[in-house]
Each structure stands twice: as structure tokens, then as C-alpha cells.
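Heads up, the next two complexes both have chain A, just with different partners, chain B and then chain C.
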Partner chain A sequence: MQLAPAELLLSLVFAPLLAAIAAVMLGARAGRLLAVMVCLVLAIQLLFLGQRFSADGPFDLALAGIAPPLGIRLALDGLNLLLLWLVTLVYLGTSLHAWASIGAGARGTAFWPPWLLMLSALNGLLLSGDLFTMYIGLEIASLSGISLIALDRKADALRAAMRYLLLAMLGSLVYLLGVAVVYAITGALDFALAGSRLPGGAVTIAALLLMTGGLLLKSAIFPLHGWLPPAHGSAPPPESAVLSALLVKVSLYMLYRIWFWMEVPVAGLVSAGQLLAAMGAGALVYGSIAALRQQQLKYLVAYSTVAQLGYLMLVFALPGAWQGTIYHLLAHGLAKAAMFLAAGNMIWALGSDRLDRLPGLDRHIPASVFAFALAAVSLMGLPPSGGFTAKWLMLTAAWAAQAWVWVLLLLTGSLLTAAYLFRVFALTFAPRSPRRRAQPVRRPHPLMELSALALAMLAIGMGFSGTPLLDVLALPPQLLPGAAPGLPAPLHLTPGAP
Partner chain B sequence: MSSPLWQALPLYIVLTSLVTAALIFLAGEQRQKLRIVLNMGGALLKLGLIGILLVAVRSGESFVWRLNLMPGIDLVLKTDGLSLLFSTLSAVLWLLTTVYAIGYLERSPNRARFFGFFSLCVASTMGIAAAGNLFTFFIFYEMLTLATWPLVVHRGTSDARAGGRSYLRYTLPGSGVLLAGMIWLYQLTGQQDFIAGGEVADIVLGNENSLRMIFLLLLIGFGVKAALFPLHGWLPRAMVAPAPVSALLHAVAVVKAGAFGIVRLVYDVFGVELVQVLGMDLMLAVAASITIIYGSLLALRQTNLKRRLAYSTVSQVAYIALGAAVAGPLATIGGLVHLVHQGLMKITLFFCAGNYAEALGIKRIDQLDGVGRAMPWTSAAFTIGALGMIGLPPIAGFISKWFLGTGALAAGMPWVVGVLVASTLLNAGYFLPLLRRIWFSAPPPAWPGGEALSRGARLALVVPAVLTALSALGVGIFAGLAASPLGWVQFIVGNEYQ
Partner chain C sequence: MTASLTLYMLAASVLAGLGIYGVLIAGHLLRKLLALNLLGMAVLLMLITLGARGTGAPDPVTQAMVITGIIISISATSLALALLLALQRVTDETHLDAEPLPPVGEDGDAAGSR
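For the complex of A and B:
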């Protein structure tokens, strides 16, 4: 059977959407079955798309045959192909976890429809080639996410959801304002087209500032990270996993598309890029230190996300680190999803998320603790793992550009990560106090443990698959030799330099 | 016979321990018989494979196995004389240490975790031995750090966790330094396999200072694990670990991995001649000499038996670095053969120290009075080990010192002989009083403690110690045979200085 790529691309969005509607009508039992089935179907579709991609290279198509600026363009290149795979794999793993941990009861009824809706929105965002469709995808994904955070209707979860809602709304509005300015000047929303029509000057700078600011808030980049830890820390584990692994990443993906694909003709992008990278450096240091001070397991993991997002900003000052940055995005997605699921299992087993309850836990749920450990190896950037491959690529790029500040940050970043993660293991190995010995430990469902383990193994496996994955990953147009000068490479971060 | 499956023999040697580790984790805590079968099966299978390799390499065959990890970076496992020297030593000592550990941990908790990580340590050590380039070496070197930590903190007490913390505080920054040196080297040369005579000879001109810095960075990276002064602080603090782990740290894996790294660095990355041209040989010789004297002086001051042995390791392992620093075949032979000899003698001493603590509760040196009559076999083994460390012929340690001394004279570094003499006097100073207490002092009315061990456990504790002591004696007496460690090292050195 030969499926046309248009149908394949569209069904990536519509299959989960239809499943979401069906889940509303048929109930939770059907919803969870549909969720797992949809993930499997998406994986098969991506296999076909990947084949087509490796044969013919990137391609795009206008919906219903109407080209931009009037129509909507869907595009597939190496970058979003890899991210679509990340979404599918993380969703498959987390859905299997939710199969057991959320289940088909009353919680399931409220869980599965927004869960599937979010998948549809993420896929739509990744495939879309214009600024406004991406906005719609991000909005639907954020709103579904917020309703899932509030799933258990506990006071602190509701508070976190409300805070997230308000800030996410603010972020979207600011972004939308920027898009409106772009549309007013150029009459186009497609980012390649709009970028080519943008004039230089103050208005363009304003539009770029607005879009960037909104997306930074959505991605929780330091110092705009305040909403993330309570939201990711109080959501149900599969939801925390998806929020940390995917949702904050897709808004960064939008930022990459705007910065590297729109080819905005603005002077001063270089110093702006260095400012973004400096924010990333701040995130790395601040997030790690904050993680070190947490007393609750899921908050520790959430602050680790704040820290690790910092690495993803490096590319704005150091375009040569593009491959390493995307590799880090993928590896962190898998490892952090695994870590949230494993942390969820540990909390499930103990009935508490306090770190001082951990002693002796590895005897009761070794598979989950092991999954946590494998994910930690990748997050610390120790070999062999996807995290290490990413660190190696970024370090090589930073060294080649003689960006010594970044070399130092990359090396100490791993040490900081090790500091807060080994704290968890040291506590796990401590002997239980006699008072606690009598407390019962609940065994999680095998699916909950295996899904965490499988995602962690994938993060480790990424340490062996560098060449095929990097082959798929094309350079952005601005970094290709002979491209229009936007961000001259290589740049380096030197404090105080203009 | 050069089929890919036959060529992958070095991989199987790593896998025998890796698979053993996985199976032990899977088998769980309760199935003790199965665990023993797995442990012994893995160890014996590995010895068999190494036997095949020894014969094949001696007859001139070579083995290489490659796996691409990312563009321009391969995982390479290969076999040469040097790698077989290290893997044979580790495989033999692993078998004995496993027997010892089964007896030592007869009734303690968390044995599945212990033996799982124990096997993982040996898998990493085999990888270090077989690594065919610096990158591969680094991967397994890091795995070793990770796999050793759970063993150091195994008991979970606050002392054990403090020891683990200090271990990480040294090794993780150390590996950061190693990584920096590696990135720098790869920027200059690209990927290069280890090769006798060095891999960087053709880029020397104009890069002398870079190369000096790289050598220093890599040396610090390896020096942390090799416990070179002033990077040795973690080793005495790791003494809180159970005795089999001390054996592993001091004789089989960790300290040896660092020393082996220095050997690879000097002979197969830079090459002896280039090290001399850059003037790094004198620096390394001085650093090693300071460590030798300093370690011995501190050993003299310890009142705790295991701590005295730990400082003795600091001193003795530096002999290997000294052998690498002093140019010429004789000193090289002395350094390399000490890799084996120190392992045999030191593991004997640690086995015995563990036996004293288990059977009679002896931990301090002043408790050793008259223990020779209570535990004659253990004390005899201890005596052979201690005399060997001092360098009394015909025990193994004498051979190492003889070649190091004559090598230093031949290379025009007569002061090294002075270091050797001073070290020998100091060795006698901290070992002979122990022997006097063990054999010639009157036993106390009651021993400090200890527990009643089963007959099987007692055998498992004593037999390995006696066997390693006899080996230390045997490799000295039969040093002239081609199959002895000395014979094998002469075969290796013949290739390096052809």
C-alpha cells in the first residue's frame, strides 16, 4: 500500500484528534486503549515518512492545494522528523505508564481525552510551517496540559495549574502580538515567506522581541522559570513526564524556527543571541543549585529540567553547537520522561515524595530505581548515553570556537547535575530507621516500572546511534555555507563584549 | 581465522561480565545458589576466553572490533600484549575475589546489588584493558567510576556515604579534566587508535605547548584514580567499604585502571620519545617519586591496619608511573611487571586484613599481637605479601624493584635508585613491626570480637589469600619462564622498543 505523504502528515494530527473525540464518547476504558493504539499507529506512519525522507529529502505541501500566504503549509525536515519521533516514543511510554497509574476509572475519564488532544496539538505544531498554526498548536497543548495538572483537584495542584494558566496565557498573548506585527508588515504568516518579506528596522525588532519573549516564558527559561517546578512537581507522573520532555521543548523548537529559519535581517542579532545564551548559563547554574536544595523528589526532578533547558540556549551564541543542542533536546526528553515516571513509581511505593523516606527503597522496587539511575547517567552526561554524545558534540563545538566560558560551563554543569542526582542515590542506599521499617511499601504495576525502564534504555541507546540520527538532522539554512548572513559563525560568549 | 565473530573476541571478554551483571540483577536477592553459579560461570568463561587470546596473540594474531558511535568517533576494542597483561591479571583476581566475597558477605543484606555492581566493575575493567583508543578508554573509565560507587557506599552508614562522597569529589572532576584533555587532543589529531610508539608524532611541530598541556590534563585525569600525590585523598577514605571492595579498588580495578591509563598515555598516545622531547618524563618521574615517599611516610603513621595498607597502595602504584616515566626498556619492564606484582601482593594483604576483622574483630595494628598462632594460614599469607612489598627476593616485588633500579641507572637517572632505597627502608619500617607483632608477641586474653563463621565461609576467606600469596611467590621464583608475567612483559616491551 502506498500512502501519499499528505495523508500521512495529516493523519499524524488527526488520528490522535479523532481518538480524543472517541475517548470522550466511549469512556476511559476505550480511551486508554485508543491512546496506546494511536501511538503505535503514529510510529508506523513515522517509519513510512522516514523512508520517504531518506529517499527524497525534506518536503512540504500546501493544504488543499492552496499555497501560502493564503493557505497552510505543512513541512517535514530532519529536525521535526526527529522531534516527532521523540513525541511518539515519549507518548507511547507515558501512555503505558498511565494505563496502570491513571487507569480507566473516574480519573481516567478526565485524563484520556485531553491527553490525546495534547498529542494531536504537539504533532500539529511540529508539522506546521507558519507562525499562527504553531500558535494554535501550542495553545491547545498548553490548555490540555493545564487541565491534566489539575486532574487530582488537590489544593496545591490547582494553585500550580492556575499559575501556569495565567503565565502561559501571558506568554501566548505576547507571542501572538509579535505574530500580528509580522502579519501587518508582510501579509504572510509562513515563516520562510514572512522572513523574506520582513524589512529591517525597529518594527521588525519589536516583533522579534515579542515573539521571543513570549516563547521564553512558555519554555520556562531562567529567569522566567518560576511556574515550572510547581506545575511539573504536582502533576500526575505521566503528565509531568510529557510536560518536561515535550511541552517546554516545542516552544523552544518554535524559537529555533523563528531565529534560524526566518532569516530576519536585523543587526544586533549577535549580541541578542549572546544574551539568550547567558540566560541559558544562568538556568544551568541556578536550576542545579535549586535542585540541590529540594526536599521533595519530584521538585528536584523539575528543577533539574529548569537547569537542563539552559543547555538548549547555547546554540544562540554558538551556532556550531546546533547538532549537539538538538541531540541534547532529544536525549533529555527521553531521560527526563523516564526519570519522572521512575520518580512517580518511587513516590507511589512510599506514599510520600519526601527525600528522607527513600532509604532502603531499592530493595523493594529495584527496576524503578535502576531506571532512575540510567536516566541519571544520561542527564549527567556520562558515557555511554545520549546525554554524553550531546555533551561531546557541544564541547567540541565550544572548543573549536574557543568559547572557554562555555567549555567551563559544560564541564561544571555535569558536576552540578551529578551533585543533586547522587544525593538521591546516597539516600536510597542509607539504612532505614527502625521507626520507618514497619511502614508498608506498595508495589507499582509492572507496566509502570517497565515503561520507565524502556524510556531510560532508549536514552542510553542514543549513545550508540549518533551517526544515523545526526545524518537526518539537517543544518538550519542560516548555518549552511553561503547562506544569507544572519548569525555569523562561529561566535563565542565573552562576558562584557558587545 | 579472521571472521568477524572471531575478531570480536575482545568484546566477548567484556560481555562475559556485563551479561553476568545483568543476570545477577535479574535473579534477585533470594536465589543465592543461582548467583554463585552465575558468578563462577562468568569468571571461568572469561578466563577460558583470555587463555585463547593469550595463545593467539603470542602467535602473532591481532583482534579488533569496531562500532561507530557518532560521526568520526568509534568504539574500538582490540587486543595487544598490554591489554592482555591487564585483563589476565583482573580476570584471575576477579575469580579469587568473587570466592572471597561470597564467603565474606555470607549473611549480609543486599547481596544481589553488591555482586551485580561487582560484575559491572569487572566489565568496565575489561573494557579499559581492551580499549583501542582514548575515547573507548574514557567510556569504560567512567563506567568504572559509576559501578564502583555503589560498592563503596554499600553498607549505607554515614561513614560509608562520606567515603562515597569523597570518591565522587575526586573522580568526577578528574574525569572532567580528562574529557577536556581528550577534546583538545581530538581537535588536533582527530580520531587515532592506540599504537605502539604514539599517535601524535606527526603533529608535534608548532604544537609543543598544546601537547604539554594535553599531557598534563590527561595525566591528572588518570592520576586521580591512580592516587598520585596530591590526588590520592579519596583512597584512604574509601577504606570504609567491605574488604572485597578494598581488594577491588587496590588490586583488581580502580587504582590499576588509573595506572594503566598512565601507561597507555606514555607508550601508546604520546610515545616514549615524544614524552622525552616534551620534557614530561622528568615531571612524571618526580611526581611518582614524591608519591612513593609521601605514601610510605603516611603509611608509617597509621594505626588502623586497612588505612596503613591504603597508603602503602598510594606509594606502590606510583612505581608503575615511575616505570613509565623513566625511558628505556629496563624501567619499562619494571613498571609494567609491577602492575601484576603489586596486584598479587596487595590483594593478599587486603584479603588477610579482611580475615582478621571478620574472624577476630582485629582492625587496629596494636590488636595484631600473637594472631599468628590463632590464624596461621592467613598470617603466613600476610607475611609473604608484606615481605614481597619490601622487596625481599625471591618474592615478586624484588623483580619489579630490580628492573626499575637498573633501568634508572641505564637511563641516567641515578637519583631514582635513591628513591627506591628510601622507599624500601620505609616499607620495612611499616611492615616489619606488623610481622613482629603477628609472630612474636603474646596473644591477648580475649580477641576484640568477630563472628562465628561457617566452615564453608572460612575456607572461602582463607583459600584465596593463600593462593594469591603463593602466586606472588611463584611469579618471583619462576620469573625466568616465558609464561610468567615478566616473560610476557618482556614480549610487550620487545614490541615497543623494536
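For the complex of A and C:
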């Protein structure tokens, strides 16, 4: 059977881009139809690309036949294949939610073009094989995301968007400075090419520091998380879902590419990795405690993102936790998207996002409350769910490396997650006070409830599909020094091979 | 590296320092934005200086990167200005106060509840 051509990679970027332009010209009604269609088309293309990947292994495409360093290389390997699936599924679910909750009116006109543009940028970032193209993708994705936070022109959302924009610009300029230094010493931007030419020494450390610092700010890793809760808490629900499930993850993905694919020959890398992991531990504890103290539902979910991002930093100290980390990234993406959509429905029903208004809600919108509960099961790491598999893999890795501090932290993190999520359940299932009984409850559109439920089911479903997913996930070519022996042979992308 | 290139690099470093200082210190959002642009230009100046190759033709890759960088910086600035205008219209504020948390007051009005 004929395998999909590598050129199909291009359409992952250009299909949403053309749809975004068409949405500007044809208006909101066409825009929302295009968004859902593009997601379906992307899913079909990913099926074909995945088939080629499983037959041939990783492959790449030099745009216009020009090899790096001058040309741009798109590459597909196990890691970005899984992330592209995450992007497509989350976008499909959230687009269906937005179909009803944003609609095709005046809000839709401002919503659908940046929405599609962000999809195109995310795909471009994930596929690109060099440091500068990733920067462009991250910038376009952030700018479209920020314009969507301010969709409703409410004071809180405008302040949050402004704060996010200033920090995002600062973060990306610091990153760009690091990229400039890398290009100055190596004359290349491709991970593999630049990495192989990097000398050890102070300049390389400076470049790595600048790129890492900029990306940590954009991924809202504690203590640089201050912009995230207001931004994710005040955006429209489908937008919050995409920000939490995808946008903060792709800047972490860039960090993984830089740390694990560039083969940086610096001696102090192990202790620097410990420091990054310590920041993750801080995020885990701080974010969870902050989530416990919130009075508004969406802010609680947003602080939960701050906390869960901490798990994704563990891999810098414990390379053995690589598979668990990526599994957590995928499972958290699906579960958090479902949770933001469900929370959005609960807030829509009540007309308020205060937690003390929740009692009795389970009788009015059981589907949304059930979706929230399923997503919570995955976030807490209860079996069977994607979150459980991820935490089990991380726990096994920490146990094998005898990193007892991390074993303790992983368990504490799950307990704290359970604590702040059970707080929501306790309130939701409590009887309504007589005073509140008279207040009307609006029913969300069925699409809004079904999309949240579908994404939550996928997060649970990941608990049953561990082996096939982990098989796709090739190990990075060179894990940090001190990686556990006995890992499968490293996998190299050939730079510039058209 | 020749003396004039060193001068360019020094200028870029000074601009970057001024930009970072401005972002952190300035209160008015327009000033913060100008400072960020200064920082952006400093990074681009550094990039274009790196592309100089003695007497030969300059490196085309850095030039392509700088042009892209300028476009991104223009789009980010125009989005920031639009946000600033909207913020000023809605709240009559031109500063971001140091309170990232929302007030837990009366009816925390729901985002997206329309």
C-alpha cells in the first residue's frame, strides 16, 4: 500500500491557516463550520501520517527542497505525533463547545479567525525542526491566544491579557536572544546540527540559560506562574481549555527539544536539571495549596494547571520518567480541557463562578458534573485513567532511581489534587439552601455538555491504551547524563535529508 | 570582530539593558511597551551584527530572522496597543496594579456567561 507522502506534513500547518483566512473573509458562520471540518481533516491526515510513521519510523521534509541551515525542516517523530493528536482532539472537542457557546454572532466574528490561526501555529511549532521556526510558531500561537482572552472586553480579562502579553513578549525576546547566541557560535538553528556543533563553556551555558529562562516564563513554571491564573481564569471556556491543555505545554515541548535533542556538552547540566525539577516541586505544592484556597471555580481549575505543570519538570532530574512525563502531558491535556469546558458549563448554568453557588447543581446539569468528575478522576490519578498510568510510570521511575523525595512528592501531589477537587464535589452534591432554590438555572446547549463529556472519556480511555501509545513514544536521542542504562538505542533524525 | 562591530554589539547591549530596566520599572503601560520594543530592537541589532562576515556578503539567514522578528514585533505591539485602548476605555486605567488575584467580592461575574 502506498504510504502518505512527507508533503502531507505541510497541510497540517496550511489547512488551518487557509481556513483562518477564509474565516476572515466569509464570516463567523463559515468560520465555525471550517474549524470543525479542519479538525476532522487533520485527524484523517494524522491517521495516514501515523501509518507511515509506524512503517518507516521518523521522517522529515525540507521545505522547497532547501536543506538547513538556510531552509526550514519539518520533522515527525513519536513525540510530536502524539502531541499533534492531542492538539487535534482537544481542538475538535473545544471547537464543538465553541460552536454553541461562542456561536456565529458578533462574538464568533472575532473568535474563529484567531482560533484557527492558533491551531496552525501550534502544528507548525510541533513539526518544526529548528529553534527559530519554533519561536515563530510560539509567537503566533501566543498572540492569537491572547487576543481571544480579551474576547468579551471585560475588565478582568483585559487586565489578564495585558499582563500575559507583556510577560510573553519579554519571555520570547529572552528566548530569541539565546537563539541568536546559538546561531552565532554554531551557524545553525536545527536542533541536531546546532547541538552537535556547540562547544562546552560559558557561551553555551549563557545561550541555554537564556532559552530556558524565556520558555519557563512562557510555560508559567513556578515561581514564574503569576500571569497564568488570571489569564486562564477569565478567558471564555473553550479558550481556557486550549490555553491550559495546549499552549503552556508546547513551550515545555520546546524546552524538552532543547534539553534532550541538542546534546549540549555542558558539565553542570545535571545540577541544572535538579534545579528545574525543584521548581516543578515548588509548582506542585504551591499550585495545589493555592487551588485549595480559591473561591471561584475557574480560578481553582487554573491553579490546578499551575500545580500539574510541576509534574512535567520531574523529567529534568529523573530521565527515567520520560514516558510517564509525556503520558502525563497528554492525559492532563485531555482532562484539563474537559474540566475547563465542564466548569464553563457549570458557570453558564449558574450565571456565577463562585464556589458557594454550586450546591444542588448535580440535579440540573448531570452530564457536565459527570464530565467534571471523570476529568477529576484522571487528574487525581485514580485508576483506570490516563492520569493513573502517567503517575504510575513516574512513580516507578522515581522508585527505581531511589529518589525518595520524589516518591513522596508524587504521592503528596495526588493527595492535594484530590483535596481541592473533592472540595468542588462536596459543594456540588450538597443540597441547595432554600434561599437559593428560587434562583433560575440555565441549561447549556447539548453540544457544550457532550464535548466536555467526550474529552473526559478520552482522558479515562488513555488508561486502557498505555502500551500502543508508549510504543509510539520514541525515547529522546540522548537523555541527560546519568540516564538509566538499558534504554533502547537512541533515535537520530537526519538533519537536512529531504 | 572589528571595532565597528564591537560598537554595534555594545550599543545593542546597552539598549537591551535599558529595555529590561524599563519593562520592570515603568508604571504606565505605554512606557512598558516602548521598553519592550527597545529590548526587541536590541536583540535584532545583535542578530544583524552577528550576520556580518568581514568584507564578504552578510549572512542571509540572520537577515531573514531579523525581518521575521520585526514583523512579529509589529504584530505584538499592535495587539498590545489595541488591548491598552480597550483597557483604558473599559476601566479608565493605564497601569496594571500589583494585584494578580481577582477580588472575591460580591458576584464574581462569570467569564463567558453570556
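Please note the rule applied: the second predicted complex is superposed on the first by the 474 of 498 C-alpha atoms of A that agree within 3 Å, B and C clash if a C-alpha of one lies under 4 Å from a C-alpha of the other, contacts with A are read in each partner's own complex, and residues count from 1 in each chain.
As a working rule, contacts are C-beta pairs under 8 Å (C-beta built on N, C-alpha and C of every residue); 3 or more make two chains touch, one makes a residue touch a chain.
Here the structure is a predicted model, which is why all the values come from computation and not from measurement.
Of the two partner chains placed by the overlay, neither chain B nor chain C lies in contact with A:Ser304.
Of the two partner chains placed by superposition, only chain C is touched by A:Met169; chain B is not.
Of the two partner chains, chain C is the only one that A:Gly351 touches; chain B does not reach it.
In the overlay built on the shared chain, the residue A:Ala430 is in contact with chain B alone; chain C does not reach it.
Once chain A of one complex is fitted onto chain A of the other, the partner contacts of A:Gln296 are limited to chain C, with no touch recorded for chain B.
Ranking chain B and chain C by residues of chain A touched puts C first. Shared-chain residue A:Leu395: touches chain B; no touch with chain C.
Interface of chain A with chain C (complex): residues 69-70, 101, 107, 132, 136, 139, 143, 146-147, 150, 152-159, 161-163, 165-166, 169-170, 173, 176-177, 180, 183-184, 189, 226-227, 229-230, 233-237, 240, 295-296, 298-299, 344, 347-348, 350-354. Interface residues of chain B, counted against chain A in their complex, comprise 25, 28-29, 67-71, 73, 75, 109-110, 113, 138-139, 142-143, 145-146, 149-150, 153-154, 156-158, 160-161, 164-165, 168, 172-173, 176, 179-180, 183-184, 186-187. On the chain C side of its complex with chain A, the touching residues are 16, 20, 23, 29, 32-33, 36, 39-40, 43, 46-47, 50, 60-62, 65, 68-69, 72, 75-76, 79-80, 83-84, 86-87, 90-91, 93, 96, 100-102, 104, 107-114.
Taken in their complex, chain A has these residues touching chain B: 359, 362-363, 366, 370, 377, 382-384, 389, 392-393, 395-396, 399-400, 407, 411-412, 414-415, 418, 422, 425-426, 429-431, 463-464, 466-467, 470.
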